[in-house]
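Two complexes come next, and they have one chain in common, subunit A, joined by subunit B in the first and subunit C in the second.
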Partner chain A sequence: MFEQFKTDLRWAGVRQNLVAWVFLLPFVFVYVAFLIYPFCRGVWISLHDWNLLAVTFNPDAKTFIGLDNYLRLFWGTEMTWRAWARPVLQGLCVLAALFCVWRYRTGELRWSTLWQCLMALLLLMFFFGWAPGEGGRWFDRRFWPTVGNTVFFVAMVVPAITLISLLLATALNRETRGAAFLRTLFFLSQVLSVTVVTLIWQMMFSARQGLLANVVREFGGVPLSWLAEPGFAMAAIVIATVWWSIGIAMVLFLAGLQDIPQEMQEAAKLDRANSVQAFWYIILPNLKRTITLVVILQIILHFQVFGQAHLMTQGGPNDQTQVLVRYIYQTAFRDSDLGIASAMAVFLFVIMSVFSAVQFMVSREDEQ
Partner chain B sequence: MKTMENRRLALLYTMLALPAFIWLVPTLWMVSLSLQPNALLARTTSNTFWGLIPYPLTLDNYLNLLAHGQVHVWFFNSLVVALGMTIGVLVLSTTAGYAFARLNFVGKKTLLVLVLLGLMIPEQAVFIPLYTLFSELGWHNSHHGLIIPRLAVPIGVFIMIQFFRGVTRDVEEAARIDGANTFQIFWHVMLPLARPAMMTVAILTFLYAWNDYLWPLVSAQRTEHFTITLGLASLQSNFAQSEGLGSVMASGVIASLPVVALFLIFQRYVVRAVAVGGSKG
Partner chain C sequence: MLYAKNRKLIATAQAVVNYKDKKAEKVITMRKTFVSMIAAAALSAGAVMPAFGTEVTLGRFFGSCQDAGTDVSAAVGEACIIQSIINAFDAENDDFDVTTLPTDWGNYYDQIIASYASGNPPDVHVMHRHRIPEYGQIGALADLTDDLMAHGIDPDDWTESAREAVTWNDRILGVPMDLHANLWHVNMDLMEAAGLVEDGRPILPSSPEEMMEHAEMVREATGQYYLAADFSEFEIGVRMVLAFLWQQDSNIFANGTATINTPEARNALELITGLFDGDYANSRTNYADSQQSFLNGEAAVLVNGTWVVDFYAEQAADEDVELTNYYVADFPTLYDEPATWADSHLWAIPASVQRDDPEVYEGALKLLAFINDHNIDWARTGHAAVRESVLNSDEYAELPHRSEYDNTVNIARDTPASARYGAIQDILNREFQAIWLTGKSIDAALSDAEEDVQSQLDR
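Here is the complex of A and B:
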């Protein structure tokens, strides 16, 4: 009798598992086949000398070369290490380290976090010290400048979007018709596709037909060909991107503002605090977590920039707006060098994972 | 006190007028240009009030797009891909989300972690191997070739897990006592409850599908298989050969109509979907 009961129980367990797998199988199959497997295959391709056309016609036309693709991207000949090879970047690292120490001193950073930050910065400083010495050169002259452009783009776009959307969210966090209308207006551009956005802004910036040029001409100025002008092309892409994507950040800030206790704002009003004081002493401190999350999120999002650079400037002038994903795309589908392109994609993934991990850690702290 | 408050509001809106104007003008200009004759635009784009007012007005650009050109084919492709992707993601994410949130099976925790790790893999990290895989399968230049890669992204599952975890167990228990099996509970009890979450997933997916550029650019090489987003990019890159600025702008307006309409009708859901989608990949 007891044996019978145990068998029944086991059958119930098996049944439960079977039912669960009926629900799971469709997704898990698609997930493994079209995300996990391709991802692993990407890493595998990055270890090969793999020409797209050659391998298409003859599957054996690839050779395993280990980490050579990564070496060809990251390294050069006659590489030497000097303590201050890139003063600007390394200076920024030192500043960041000082900032971390200061935050630790004011009690806003835990000892372990400070330690991790300092180690990471030290590592970064060490990497920045390497450069091709005399008579040497990078194996791939375009890779690091492309990474630099991408970082520069992110460094322009993220603070601009964060600042603008924070101010807008604070101003529009009220239940009037006007505020609702303006929220709709500022969010609207977010739902447009990248090709529509670039279509609009390509025309806006055009020196012959653009709206900006027309206005400048009206006042007797000489219009600028933004997209072809070194120094202005990147600015044009940044402006278009900011116009396109303040929506997400604004919505997240609005959500964060809703969580600030109403009493605090009332108290500020009773104390006759003006809006600037209220913003500085009540809203900013309460939104710290949200701001951190929005910044990280934007970094991840905009590091993947592709369409704007591909359609508005084609990476020009002089490669100034060449960004990482566009370089990957070109290396793979114009130069047919899938090995190198995949190595770059893995590099992109690693950078994104670092920021994803930070995001995960911050939101975990949030829950505690 | 009331007048003080009103005065402050008035001041606020005055200060916001300039940014609002800046945010509105580019879109307005696109619409306005699309309503002006091509011949005029070839001469000047700042005819009436810097071209912001469409005068002389014409609908020729839109009529031309309907009569010939490939814009209607691209529009149809986009519609098929976006709807197909939305339905596919809904099916996969509700079933898997329910299993993860409510059913017991061996290795649940491990599998859940493995699935959520997939949120960290960006499209750009897999589009090359996907390209070679789809070449071998002969799936390029097709609707399913554009739909399938997005079905694997676990964001929808993530949203559904969050939702199903929040539903009280009482409903389920009651149905089980009434003799309903797991499939009946899922279909008759859980899915009707999950409508708001499904709406979020659907809108997120539709917006993504409609606006996606990188994967269609790689996978759809023949113009008759372009989506509207991709087709618009091809119009931009050879402005010279195209029929005129007004027509290109009209294509841009048509390409934006479905997403803008979706946004204006379901604003609350769209805002939530974009925020969730943005914050989780």
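Here is the complex of A and C:
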């Protein structure tokens, strides 16, 4: 009888497994067909000299070239290493290292994580030391500046969105009609397509008919052509993006806020905590997981910025708003260089993964 | 034909009804009513539905035109004229149903390349002369050479330059539609005020120094800009620099070697930056703003193409528009040889359509013949016609402003043929804009541009 029971149990297990697979299979199929396979194919293409149009008409027109596409992007001629080739970036690495050490000294970072961070920063400093020496040049002199623009864009947009949407969510987390109306209002921009958003902001920034220009003229000033002005073009794109993207982050924060037990907030009130103290000691610590989620989602989303730069500034002036996805797009579909474009896309995937991993590590460390 | 189709639909529906068991007559009656309703709906819908001919998909830029209609003679502007020609063909030919695909100027060629790569290009599409090498060298386009005459298109009637525009390795790969070029659009009132009109014609500069003198005269007399152009968006500024290069017998590349970092290029760029430095032009204007400033009477000259002549003429006739006295001039010669940037629009059919779909190929060719027949209507935009029979007609000579820029066809130039034309234009646009928008030095920009163009030529 015991044997029978064991057999039944085993069959139940098998059946459960089977049922699980039946439910999982559609997802696995879609995941493999639309994510894993295209990704692997992208890596494969990146190892070839692959002209999009030529290969379409003659599948044999591609050549396997190993890592040459990556070399073409990352490297140059007469490359030399100097300790302080890029003082700003390397200085930032030193500051980050000092910050990690300080966090370790205050007991907020474990020994193993500190070492991981220091090694990563040392590696970064080493990479930043490489540059073409005298008479040398990058094989693709636009690639690293484009990466820099993209990172700069993310570094501007993600904290701004996180902060603004967190403050908005905190302010609107109440059951009044006014708050409900404002919540809807702030979320509305999120439902617009990038084309509409860029059209609206192009009109806002236009030096001729734009809202900003009219306000400036009212006060006797000379309006700026934001989208053609160096230094302002990127700011214009950042502003448009923040306006467009705060909605979803605000909704996530609202959900997080509603998960905070009411008793904690009431206890804080009884202890005579003012609203700033309540925010700092009750709301923020309880929202850490949501903040991590929002930041990682935003990093992944905004590294893929394309429409705003493509439609508002066409990457200009002088490539100041050229971003990676636009460069990938142009390389693949304007120049037909699918191999190099795929190599860039793989690189983009790697840096998005690294930034997300760092953020994940930091938040995990905080929780512990 | 439509009525016949709908009758057939009703007959089929009733045949299905009759097939049912007679005993269930009640049910059948209900079904009959239902089917009749569907058939009636189909019939009434048929009145507004397009004819069910063979579908021919068409890709084009030129912008969109709402309610273009089929009256070609009433249309104004590129978008409406071309769409009304397409609509007129569609209305006259029940066997074919032309669908114009939604495309956008800025991304047009990216879309076309992507559609070829996915094996689903439009059955017929417009393109520029400069793109022929890119598509021609991989055999993407149908060879039309032997099929044109049979469809009423006579290549011998085309001008020599138009024939060259569509020819690749001695085969004709497209049907040319125009020659378009950069012109000087002139506000005669501002020029008059500055004393720059003689015998009803504007006095245009014949040297760089004279251009600066004229710019100063306009500034002093009117307080307005001498020249406006799109210097911050599309390639109008690049085309000005190219014209000044050709006028000095220079070019951006020859025989696979980039030749941009030259004294001639420096001259051309210093001339243009001189206009900005003297506040005779605004470097920050994009296409729409530069056009608007010209129409608002804020600039004596607008550098733009042939494609807007009829639009500006129409605007000048409008009492609400500041521009009233409009003149069109050939691009002036400031150096040794006359030259202006020019290109051609042409229509092509993918090789796959010719190979796999004879019916669609037939429809596409008929459409091209129809467009070729309407060359005079297309020339109304301001473009130069490509058919000798049209060029020599009185109707063409009498087109508004035509006589004012009739030398443009003789001074038309473009860069050497290259499969990398699009990327090279982008490089020049980026580097030249960097000079006047971000203060990059001319030497650095020319050196970077030469390096980047060379790497494109080496690919």
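FYI, the second predicted complex is superposed on the first by the 319 of 368 C-alpha atoms of A that agree within 3 Å, B and C clash if a C-alpha of one lies under 4 Å from a C-alpha of the other, contacts with A are read in each partner's own complex, and residues count from 1 in each chain.
As a convention for this text, a residue touches a chain if its C-beta (ideal position, glycine included) is under 8 Å from a C-beta of that chain, and two chains touch if they have at least 3 such contacts.
Keep in mind that this is a model prediction, so the values were computed, not measured.
A count of residues in subunit A touched by subunit B and by subunit C gives the higher number to B. Shared-chain residue A:69: touches no atom of subunit B or subunit C. Once the two complexes are laid over each other on the shared chain, residue contacts for A:308 go to neither subunit B nor subunit C.
By the document's definition of touching, neither partner reaches A:90: not subunit B, not subunit C. Once the two complexes are laid over each other on the shared chain, residue contacts for A:149 go to neither subunit B nor subunit C. Of the two partner chains, subunit B and subunit C are each touched by A:56. Looking at the shared chain after the overlay, A:329 reaches both subunit B and subunit C.
Within the superposed three-chain model, A:317 lies in touch with subunit C and out of touch with subunit B [touch as defined at top]. Applying the stated contact rule after C-alpha superposition, one finds that A:198 touches subunit B and leaves subunit C untouched.
Once the two complexes are overlaid on chain A, the subunit A residues touched by subunit B in the first and by subunit C in the second are 52, 56, 311, 329, 333. Those residues of subunit B lying in contact with subunit A across their complex are 9, 12-13, 15-16, 19-20, 22-27, 29-30, 33, 41, 45-46, 50-51, 91-93, 95-96, 98-100, 103-106, 111, 115, 118-133, 135, 148-149, 151-154, 157, 182-183, 186, 207, 210-211, 213-214, 217-218, 229-230, 232-233, 236-237, 245, 248-249, 252, 255-256, 259-260, 262-264, 267, 270-271, 274-275, 278-279. The residues of subunit C lying in touch with subunit A in their complex are 106, 109-110, 113-114, 116-117, 119, 134-135, 138-140, 232-233, 283-286, 289, 292-293, 420, 422-423, 426, 430-431, 433-434, 437-440, 448, 451-452, 455-456, 459.
On the subunit A side of its complex with subunit C, the touching residues are 52-54, 56-58, 137, 140-142, 206-208, 225, 227-230, 311, 314-320, 329-330, 333-337.
Those residues of subunit A that touch subunit B in the shared complex are 16-17, 19-21, 23-24, 26-28, 30-31, 33-39, 41-42, 45, 52, 55-56, 164, 168, 171-172, 176, 178, 182, 184-196, 198-204, 209-211, 214-215, 218, 243, 247-248, 251-252, 255, 293, 297, 301, 304, 306-307, 311, 325, 328-329, 332-333, 338, 341-342, 345-346, 348-349, 352-353, 356.
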